[in-house]
Amino acid sequence: MEIFSNILIYFVIVPLLTLGGLALTSNKGIKAIRAVAVAGASALMALAIWLVVIFLRERGAGNNAEMILTGSWMWYEPLNVKLALGVDGVSGVMILLSAFIVFAGVFASWKMNPLPKQFFLWFFLLSTGVFGFFISIDLFTMFMFYEVALIPMYLLIGVWGSGNKNYSAMKLTLMLMGGSAFLMLGIIGIYFHSSADGQFTMNILEIAKNNAIPESWQMWLFPLTFIGFGVLGAMFPFHTWSPDGHASAPTAVSMLHAGVLMKLGGYGCFRIAIYLMPAAAQSIGWIFLLLTGISIVYGAFSACVQTDLKYINAYSSVSHCGMVLFAILMFNHTAMTGAVLQMLSHGLMTALFFALIGMIYGRTHTRDIREMGGLMHIMPYLGVGYVIAGLASLGLPGLSGFAAEMTIFFGSFQHPDMFHRVLTVAATCSIVITAVYILRVVAKLLFGVVQDEHHRTLTDATWEERLSTATLILAVVAIGCFPNFFSDIIRASFDPIVAALGGMRYVSAQ
Amino acid sequence: MITNTVLVLVLPFVMFLFLGLAGVKMPRKTAGVIGVVGMLITTVLAYWVAIDYFMHHPGHEQISAEVDWLNFTPKLVARMGVLIDPISAMMLVVISTVSLMVHLYSLGYMCDHHGHAEKGFQRYYSFLALFTFSMLGLVVATNIFQMFIFFEMVGLSSYLLIGFYYSLPAANHANKKAFIVTRLADLFFLLGIMILTFSTGTFDFKELVGLGDMAASQRAAGTMDGLTFLGIPAVGWALVFIFIGGAGKSAMYPLHIWLPDAMEGPTPVSALIHAATMVVAGVFLIARMFPLYVLAPMAMNVVAVVGAFTAFYAAAVACVQSDIKRALAFSTISQIAFMMTSLAVSADGGQLVGGHEAGLGYMASMFHLFTHAMFKALLFLCAGAIIHAVHSNENDKMHGLHKFMPITSIAFLIGCLAIAGIPPFAGFFSKDEILVACYERGLGWGLWMSMVAGMTAFYMFRIYYLIFFWKKHEVHTEHEPSDQPWTMTLPLIILASISCVAGFLPFGKFVTYNGEVLETHMNWTVAGSSVGIALVGIALATWLYFKENPKPERMKNAMSGLWEAAYRRFYMDELYQFITHKIIFQGICKPIAWFDRIFIDGFFNKLADLTGNASFAIRRVQGGNAQSYVFVYLLGALLLAAVTGVVILMI
Amino acid sequence: MDYSQFLMMPQEIGLLAVFLLVFLYDTFMPRTTQRALPLVTVVLFGVYMTWAFLPPSMGKCFGDMFEANNATWAMKNILNIGVFIVLLQSVKWTNDDFVSVRRGEFYELILLTLLGMFLMVSARHFLLFVIGLETASLPLAALAAFEKRYYESREAAAKYVMTAVFSSAILLMGLSLVYGACGTLYFSNLSFGVTATGGVNWMLIVALAFVMAGVGFKISLVPFHLWTADVYQGAPTAVTSYLSVISKGSAAFAFMVILVQVFGSLYQEVWQWMLYALIVLTITVGNLFAMRQRNLKRFLAFSSVSQAGYVMLGVIAANEVGMASMMYYILVYIFSNLAAFGVVMAIENHCGKVTIDDYNGLFKTNPWLAFTMMLAMFSLGGIPPFAGFFSKFFIFVGAASTGSVAIYVLVFIALVNTIISLYYYLLVVKAMFIRQEECAIDRFRSHWTERLAMVICVAGIIFVGLASCIYTSLTKLVEESPNLFLMI
Amino acid sequence: MESLGNIIMYVIIALSIIVFSVMAVTTKKILRAATYLLFVLLATAGIYFQLDYQFLGTTQIAVYAGGVVVLFVFAILLTHKPGHNAEPITSHKKAQGILAAVACVVLCGVALFSFGRFCFKTLGGGTDVPMGKLGMSMLSTGSDGYLLPFEALSVLLLACIIAGVVIARRR
Amino acid sequence: MELTLLMYLIPSLIMFGCGIYGFLTRKNMIAMLISLELMLNAVDINFALFNRFLYPGKLEGMMFSLFAIAIAAAETAVAIAIIINVYRIAKNVDINQINKLKF
């Protein structure tokens, strides 16, 4: 089968095989379950790294195609729906990110109880959706995988979550599905205008090449798709699923959700909304720019007064993801590259946050910062991890957040329009507010005096928790220290999009 | 030489990683010793670099090497590199010296009375190494972006070190405050860079300020011609913002509030970070950008006014502080303001002032930076020794320590004399040149700064007397205070000696704005008057504080309002408290969070409720009666026909 | 007299043969062998179903009264599959002591009503259509009353029959107006006849509304749906599942044929707007009612009301894509809904519990049932990778293929409604998986026929979507069918 | 010009249809309603005869009047004690009924009367439908042949018989 | 005077209206069925009328009436059987009493 010679398909096959493997394990055999899960996650990680290597080699060999490793297999002939695969730099790094987080997530849910098997089943179904989304370049399959990734959230939160989980799970699912309702309409609209000669297609590259969507339609389709993805990207005012959802979700799910799933939103926004509807993006993009700008500041301010660790992080995610969408709407290489860097950074950093919060919560059984304090004494490993995550979040050099935010700010400020620059300045202010809420938590949670004497007996991280967090910390530091490696991979991928928006190719100085 | 410089950077970083990761596994003292040795090697390398540079590279050429770190646009590339030019070489020396002293000193200081190292000793040395790395990285930055990066890094290390005793609420509070205030300043720094690079399209100092090539800065400023925002030229915005960034780190009014609180950190840390090195980062930044500032008179004036005011303000506050470290902190603020002012007064209206001595202020500022680092570090280390001996920061717990701690006392006195500007100590030379530069700009500037110099002498000697004399020391603790172990006294002696002789360095030969040798001439009028003012200040202090007497109390009562205001730092902290808590927290954050829950979240919940209510409301249609079903059926069919018919046929 | 024309309708004849065999077996075999009747029926029907997949015969017979083409062939096969599953599911129930006396009649009636539906599907003359419709609905009243132990069953039957006869009276009135206006009842002539009336007029609008009401009754479009919930709840579950998928599916197909072939020529704009209103009402009202239901059968009734609205999206498109999507939707709907009913039936047969609250914690005691139910709910809710997602997507694409902005708005309304529908489908999932209470249903092993039926349904839910050949071949079949969209 | 007998006949038929229809749905006694229904059905048969559809009229009398009404009477006797009167209808329901009926009649009326001038068509010459033709078309398979509906109807009736059996059985 | 289609349609329509009125108002289900017969009968008349007056060439309308009569009979039979079925357990045939299943 020719399809199996494409490495990309394995990103779907491997999780599915893992699903199969998990299905074969018995409910009681926790060791077997873990083994299968770790094997699956490691295989994905290896694949992702291999993919990046292949990508670099191809690019190094002068392959300047928009997407590499492309392949297309007819699926639904009547609608010309294909299983079309391909990656560019952006999807490549997103796949890498997902692999990292899945890997860390498996270890973070090592002691998952009850029903570990079912948990991992859903978990890997979610991963299937995520990977499938990133490897697809066909609207239909993309959308399909997108929804595949959404629905396991309901059960993952509902069954394994905590707190007001029923409400949160339902709210999250319904709001995200609401977003995908917009999206589906947008996709159908795009499909029926994908070509001037009636040969409709779902392939993104072909649609972009045909560039046949009339501007009057773009004006409708752009908001539809942008909001559709924006809901998942926690864009103001569609973000309210995020705090409740994250607060109730179990550790690994929060990780995967904030770490990867929310990135689907940002990714979709530029890959579909902006790339395919450039004219509308330019004429009405400012509305969304305003909304995302509000997201950034609003999320940060809201995070300042929360007392639940997960709520703080959820609002912080609103702010950071707002920055992703904000940068995407700036339509130049730098800002968009920054957006992807920010996705990477936020993904890893938030996953780290949620992992640590989960671990702390697992020990103290509270997430209320008012009931905790001085944990640095008691669990130094987790404490240090938390501080690193916090510093990454507030954009400290050497950690991923800084590189991402700087790229965004400098890129956005290059915009020739004063309105955009003023908004950029406003968005930049968030770095201070971020510092405020991060330090507030760190000071309250880790430093200071121990609030609850029972906490003194708690233990520090176990090996699997260390492994899980160390993976993420390593990644955060790697991006923070060598951002150019990543931004070089990413940047060229924006050539077609920027060109569609009427911009120039990025020609490196060298 | 570049290799050496890189080594100077790498070594502390390695120490940081090594001590941070592996330190937990080794005995505490071992970690300390490793740290000191590492720092010693760094210092030697740094001196080597500096000497090599000053000796073998006359004409002040720059030596730099860099790698791309992050490409923003094809032109705008953030690079990492090292740049050796006069001021960075000078800073290398300052930082490594003070850092070495502090490393050594801490071996003794960070121990309890039995000589056992405190918990977290490894962490402490690891953080010190991180700070040293960041500070060194800052000064050798080849571009403004790298500088910004290290600005953040020093902020971080400062944060970590202030909060070293993290379980103390005060330390916990102070480090947060320090970080957030400097972060706020950094925001402006960042905005400044953004504005600056928007048109110039480069981060490099070489292209922005030329590093000796004045034409480069004119070119850079030229690209921004015609760009204005709210009527103010972009270059002005950029430079004012960058100054705010520097002001945050250098604790200029009104961003100074974090520095006194930062004294919650271990005293050696205060000596290193909050007296000698990090706080002058702002000055260093302005000095780096000096050629551009010259071209933007508006920004320069802002710097000058803020500097002059801060100098006075901090001196005034320092006069009444009872906490020794706080007093020293305000003194630091005041002295840094001197440097700022000195930089700022050396140009007016886009031109350098001072004729053949143009750029004197710049040189003086750097000179003062150098000398101040030495004597202020000395003073802080002395303070540390005292605090270590009496376990308190408060004056009234000390008094009359001269007998018990003679070495410390003398070292402290040297420090005081140096800062007061009494010849032949280091401070005299640098401060004198600053005053000269001020007088060259204008008489008002000169008089104002001279007055502050007098106040400096007064408050330093006030502290000195209150600590070491005033009245006999009452022993509160089980053991008498005494001079400390050699690890602590040795640095004092070294720094004291430097403070004595540093003034004779021919600074003008090495460090000037354009790289050319600046021959300075002693301006005897100014020198004489400044020494005179200093002496007046000392005399006043002696009169009031040498022996226990009721005069200070009476004065305090006579001007209780003023005294109280000064003691409370003119209510700046309260103002900040009000702004952050009442306005930002209560006035913005809370309402936004409330709005989010009630309106945004409420909207979606309401939507769900509405659907539920609708569902409940229409349930009567399904009332169970088949006849009503039929009725609805028929009505539906009839309406379908009627409405369609009316719409299509009638309209 | 050309009786060879009967050869044009092999599926109907085959079905009649199965009916006769079952009837004979029921009537003449000794009591002792009666227990095997359900299985015999299932096997016979299975054989027939397989046989019916033989390549279709094409053409019209009986003076254009009856038409067999690819599309009707496919539609009938889809119905056959559904009926086969229903038959399998009901084996256990009909062997129940109380019901077993009358089980022969049960199967006979199911087969006869199916024959009626076939006639509806293939009818190209209103008389044949009406007879088919009545054959497909009157005996169902008897089936609804089948469970004599319960009063609800009788009430359901009474309500069904009273509303059904009224609806047929309205339908006939509408047909009389059509006849009055056009002078013929042959579909092929009607399309000329309608054009000959010269423009849109009251006569045909009223007729159209009445015909829509009459057929909408069978599909349970709002506001003609009010019988649905009561009957579904009261009728025996086997009958409910039959009503909800087979009866609805056949009527939907026939509806499309009528609208397109009879009224398509001149009235497309008119009936599309009427249908527009009906779809909006159907989907919304169905959803709103379904939200509050606690009884699963009633819940599924309202869900099927709302699903009917989605099916109509294929009709409103009035083109090949729409029809193929609609047939595909019905196929998927058969699998999904029958999976749900299979679970409901298995549990009801075991312990008689049918409310959602009874299902709390079902996953713990009966994981496979819970799993099947969950798949069914996800598929009904349109969650990928299950078939329901594909069918929803294609039906939306089908509707949007008309290109009209109004239809895009309609699709949007439908999409918004999917959120509400997802809410209540998830309620069931929540009960089974998330609720931690002690389960009211103990662990049990359902009858093998029920399990087989569920396996078929689950396989359908999973593979009908992923295997693109089904939709592709449906599209081909529809495109190759002559006369389907013969409009003037 | 229509013959007078025909007109008189029409008037009688029309009046009895209207009067008995109204009475059938308003009388309180259910058995009377069945009787009025019988009259209506007979009157309808009269119309058929007037239209020269003798076979239809005969069937109407045989099946409807003869079969269905008897069925009704049986059912009534089975479910009612003699002399039992229906309870009065609530005015709310009455209003509902009148509204629906009037709306329906008006709508159908509008539909019919607005449709060209066909309402004023008069009967053409007598076209007696010979039984032979009727029988042939009933069993013809060609165009206008009704063999298939005929067979289908037989299936329907069979189904109804089975349905009746199902319902009638005690268990 | 000519007997026009209209003159025949009027009684038929009134019959239909009466049927609807009866169906919607009568409590007794058998009475409802009687009303239903009126409606069906009206339809039959319509078919016959249209056929005779407008399209006398063919017999479609009449045939339809013929079949409709049979269908109506079948409907009535099944309906009455079910009504009696309900009567057996509820002991009345009042449509208003049959409303256990609702909402």
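We call the chains A, B, C, D and E, going by the order they appear; numbering starts again at 1 in every chain.
Following the convention adopted for this analysis, a residue touches a chain if its C-beta (ideal position, glycine included) is under 8 Å from a C-beta of that chain, and two chains touch if they have at least 3 such contacts.
None of these values were measured; they are calculated from a predicted model.
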Where subunit A and subunit B overlap in contact partners, by chain label: C
Starting at subunit C, fewest touch steps before arriving at subunit D: 1
Remotest chain, subunit B as reference, centres from CA atoms: D
Contact-richer chain pair (by C-beta pairs counted) among D-E and B-D: D-E
Middle chain, criterion being Cα centroid separation: A
Approximate Å spacing (C-alpha centroids) for the pair subunit A, subunit C: 42
Whole-Å separation of chain centres (CA-atom averages), subunit B against subunit C: 77
Computed distance of Cα centres, subunit E from subunit B, in Å: 96
Between subunit A and subunit E, centroid-to-centroid distance (C-alpha), Å: 65
Sequence positions of subunit A contacting 2 or more other chains: 174
Subunit C residues counted as touching two or more neighbouring chains: 127, 131, 134, 138-139, 141-142, 145, 157-159, 162, 166, 173, 177, 180, 201-202, 205-206, 229-230, 292
Residue list for subunit B, restricted to those that touch at least two other chains: 619, 622, 624, 626-627, 630-631, 634-635, 638, 641
Chain-chain contacts as defined at top: A-B, A-C, B-C, B-D, B-E, C-D, C-E, D-E
Contact footprint of subunit C on subunit D as seen in their complex: 107-108, 110-112, 114-115, 118, 139-149, 152-153, 155-156, 158-160, 162-167, 169, 171
Residues of subunit C defined as touching subunit D within the complex: 1-3, 5, 16, 61-66, 98, 101-102, 105-106, 108-109, 112-113, 115-116, 119, 125, 127-128, 131-132, 134-135, 138-139, 141-143, 145-146, 148, 157, 173, 177, 180-181, 197, 201-203, 205-207
Subunit C-facing residues of subunit B, complex: 611-612, 614-616, 618-619, 621-622, 624, 626, 628-630, 632-638, 640-641, 643-645, 647-649
Interface residues, subunit E side, partner subunit B - complex: 20, 23-25, 32, 95-96, 98-103
Residue numbers on subunit D that touch subunit E, as the complex places them: 1-2, 6-7, 10, 13-14, 17-18, 21-22, 24-26, 30, 33-34, 37, 40-41, 44, 47-48, 51-53, 55-56, 59-60, 63-64, 67-68, 71-72, 75-76, 78-79, 86-87, 89, 93-94, 96-98, 100-102, 104-105, 108-109, 112-113, 118-124, 127, 129, 133-134, 137-138, 144, 146, 149, 153, 156-157, 160, 163-164, 167-168
